[in-house]
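Remarks on the structure that follows.
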Amino acid sequence: MAHDPAVAEAADSKPCAAYLLGLADDAMVYAQRLAEWMTNAPQIEEDMALGNLALDLLGQARALYPYIGSLDGTGRGEDDFAMQRSERDWRNVHLVEQERGDFADEMARLLWFSAYQVELHTALTGSTDEVVAGVAGKALKEVRYHLDHASLWVVRLGDGTEESHRRMQAALERVQPYLPELFDDDEASVGAAGRGVGVLPSSLRDAAVNRVASVLEQATLSMPEPSKWRSRGGRAGIHSKPMGYLLAELQHIARSYPGAAW
Amino acid sequence: MAHDPAVAEAADSKPCAAYLLGLADDAMVYAQRLAEWMTNAPQIEEDMALGNLALDLLGQARALYPYIGSLDGTGRGEDDFAMQRSERDWRNVHLVEQERGDFADEMARLLWFSAYQVELHTALTGSTDEVVAGVAGKALKEVRYHLDHASLWVVRLGDGTEESHRRMQAALERVQPYLPELFDDDEASVGAAGRGVGVLPSSLRDAAVNRVASVLEQATLSMPEPSKWRSRGGRAGIHSKPMGYLLAELQHIARSYPGAAW
Amino acid sequence: DTVGDDFDVLIAADQRIEPRDAMPEKYRETLIRQIAQHAHSEIIGMQPEGNWITRAPSLRRKAILIAKVQDEAGHGLYLYSAAETLGVDRAELLDRLHDGRQKYSSIFNYPTLTWADCGAIGWLVDGAAIMNQVPLCRCSYGPYARAMIRVCKEESFHQRQGFEILWTLMRGTPEQQAMAQDAADRWWWPALAMFGPPDTGEAAKGGHTEQSMAWGIKRFSNDDLRQKFVDMMVPQADRLGIVLPDPELRWNDARGHYDFGEVDWDEFWRVLRGDGACNAERIAHRRRAHEDGAWVREAANAYAAKQASREQQKESAA
Amino acid sequence: DTVGDDFDVLIAADQRIEPRDAMPEKYRETLIRQIAQHAHSEIIGMQPEGNWITRAPSLRRKAILIAKVQDEAGHGLYLYSAAETLGVDRAELLDRLHDGRQKYSSIFNYPTLTWADCGAIGWLVDGAAIMNQVPLCRCSYGPYARAMIRVCKEESFHQRQGFEILWTLMRGTPEQQAMAQDAADRWWWPALAMFGPPDTGEAAKGGHTEQSMAWGIKRFSNDDLRQKFVDMMVPQADRLGIVLPDPELRWNDARGHYDFGEVDWDEFWRVLRGDGACNAERIAHRRRAHEDGAWVREAANAYAAKQASREQQKESAA
């Protein structure tokens, strides 16, 4: 049998689509959560900054969705992915879907997520898939800024007042159960990494942990012990309680007017 | 021109439908809010009791919706009304759509709403429309119990501890801006009252206020002064911020699977 | 001692032990633990389905669901009352739940991801609960046995409702069918685990089964109940058109039972130890509700005390 | 006095007053009040549209909306900075907003009920804001004038986006068209009221218009701006296919302007006094956010102080 590159490519593209969907959904769901801060931030500059972060992540998701729709053969566009998918079809980790907590909770989540994303996009700039490499190159600039922003606040809060130190440390404890999931390898990531398109999440762990550890040290905070329980299953569409309510809000208007353009 | 009772009836039925929709939507939306207490009440008996109240109100809405659908000629059923209507088409007052507050907030709202409903359904048992009179007869038994339940708690909280007294008095102040709307006459209620089908909301005010006043006296609480602002517009489909989010939750699943039966 | 004698006579005669009867301390403790765990399970069990009350896809389903969650609260109350006859009060039992000294059924540490999960819980989880509970209607401790009779009647109603939810979905759109199948896939194994770890053959020595059976608290082994459950559910799954997620599941003519695969006991123990999807969430939710309500309960007590003293004053004045 | 002289010369020459220039106390107070109210309006104005960020019907619209609300925050910051050049700091101005001593535009006390309201706010409210603000780019006070130049550039972008939201809806389904028309029906009159009460003819004597014009803060009367706005919007409404809710609206050839009906000034004053749909909610939201963030701002200050003293120690050690 003659080698048919088109067939081989099609066989390759589905696992990569599944892998990229996890990345896109992480960005999309976290954009939704970050945008909730607008009008709720501790100062007006921070309303703007968190809005900016939300826009960056929304942009990352929007860059990936149509490409995923072409890879998986469905031809779905960004709004098909965002507005028309049920909870079981979302592939984001639990970290990003958790409800907005206090500002320390957000900075703990942002610190970890952006440390992870810096390592992720650094690795993905070397992807064999040019589209992925291109998205990663643009995203890398953004998420470096996100990490700087989170680091700045974590240091300020950790080394600020007694109250802010206590709150920041407590937030680090609360975010802890959601971290291992970021670095879990699954079938899709193994497949995408094997093809050189993606990267094994587990390979990003040490560098991300080191980034966070150095910020915590500067902030006079301590790295929490591993938690008694940990989240699982986001990449397989098994979500936590807040996800259904997040989707209800995200999708309600779009779902209420089937077929309408906006 | 010969008098045609069918034509006269059709001309009569639309304003009555609009009037009844206000009553049904009040019950539906408050049922949704009360049901949120399940698993969140201060004691297990109260999880059950508030669930019971929610069921009663849900039942009132379900009894009215299909009848409204026949009166207005659309033939809509209960789920068409509950799941497929956009915010601007809902006719409930703002009182019932407000977010769940603390237990004192709920008892303040329940006291007023059930005092109103007792007067309403007492009057409607004399409706010239047999269906309305029937629904009111059944509802009256229920809402008398609701009023007793709220009264019991308001007295306990008002005459309980210093904290509960303070909280209960504060809740009465917070609910105050939403009360005038319950007793506003609008075109639909004037029309329905004129036909003997409905009753003028304004005619229920004094008796409802007296009911509440006597409970507050027993509870060592005082009737708040009229508030600086008051809610308006619910009966015209002008709602407050929580309504859109309530509908997102209420309708998300139903809207996500168009045409499905459950 | 004479305590033991009377008790043993009643047990041997398969008679009920009543609150005033003397009973061995271990029997009392075992019952308190079991009844409390059962009560806690009803109360925590309100949460997974409670999660769907505001989002139920039709008003009819919403009403049924509210009524069901209400029933669970009611079951919790019967059971706490039964436990109170053994000399421990509800507030104390709730404290033990909240601080982790007492457990609830581990099944409620799984999440309810779709509407179909309300069906699967009714069909599988309530189905397994009934299988466990029907024999408890003949439990040697009277108040517990009587509570179970009331509970079982309502549970079988819930099980039919769960079946009916899935029945409707399986006759619905392809998306609804997939939703129902997915729910069954996720709940089947945890439902089998509800009967507890193996306790027959090799495994008979470790657990509490033998003693509980001797005391007439337990009537069947975990493994027997699990087998009865599988035998009951397979034909129901066939009727629904749902494929149970066990490749080893098949009729064994020789045994007159269905053969089935092994529960993932590692997962069972992991979740039991606290590392399940919802352990932390369930207890945090309960504690928050309890703490938020503290001032209300205090007020109710304070008011009751005031009323009592007013009554007394009236009486002494008269 | 000499203060008055220099100031009057600059004003007469239509030159800019800068922060270091001497200025009459009344001029300073008027500007502080006006700039602060303007800044507060930007900040409070984030809420009505912010209400739709999580529910925007498409990702493209969500991104545009987030960017717009962000711009409003930015405008607030420019304007607070402009006010600070007059010797009052932002924290103080926010306190005055939170406790009701200073106001924000009453337009933001109306609710955003549907997605189309995001369009109507962009088209009508930002449209009216631009009409008010373009002349302020030539305001006599330099920092305010320069802030307005930046603000106006972005506002006109927002106005086009609002128009485009409505344009898309009016070319959509009948439900979408109805949604757009409904939004225009509800926002038209409040937008006209944004120019303030009548201040020409009989009404010219009461308000601040005359003094503000003399100082070069205000360039046109409320009534002139309102007329310009109506003249601009009617053709745009025609293009959209939206019917403006004013039966008296018609072209007057003699005047070379559109005639239009009277704003319901009773409603205007009622809402301004606090009895609008959202007055209480808007301020409560702002206060809550501010109070929730107090510990964060304190921490940032404490950290900055620590850093400064560390720097100092380093320097004195070197």
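Order as written gives the chain letters A, B, C and D; numbering starts at 1 within each chain.
To be clear about the criterion, contacts are C-beta pairs under 8 Å (C-beta built on N, C-alpha and C of every residue); 3 or more make two chains touch, one makes a residue touch a chain.
Molecules present, by chain and UniProt name: A, B = Phenylacetate-CoA oxygenase subunit PaaC.
Not measured: the values here are computed from a predicted model.
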Maximum centroid distance from chain D, chain identifier (CA atoms): C
Can you give the whole-Å distance between the Cα centres of chain B and chain D? 38
Go ahead and note the Å separation of the Cα centroids belonging to chain A and chain B. 43
Contacts with two or more other chains, residues of chain A listed in rising order: 86, 244, 248-249, 252
Could you list the positions in chain C whose residues touch two or more of the other chains? 55, 175
Answer with line, ring, star, complete or other to describe the graph linking chains that touch. other
Which two-chain combinations touch? A-B, A-C, A-D, B-C, B-D
Going by the contact rule set out above, which residues of chain A touch chain B in the complex? 86, 244-245, 247-249, 251-252, 255-256, 258
In the complex, the residues of chain A that touch chain D are 32, 35-36, 38-48, 51-52, 54-55, 58-59, 61-62, 78-79, 82-83, 102-103, 155-157, 159-161, 163-164, 167, 249-250, 252-254, 257, 259-262
Using the touch rule from the top, collect the residues of chain C that touch chain A in their complex. 51, 55, 111, 113-114, 175, 179, 182, 274-281
For the complex, give me every residue of chain C touching chain B. 43, 46-47, 50, 53-63, 66-67, 69-70, 73-74, 76-77, 80, 115, 165, 168-169, 172-173, 175-176, 285-286, 289, 292-300, 302-303, 306
In the complex of these two chains, what residues of chain B are touching chain D? 86-88, 177, 228-233, 237-241, 244, 248
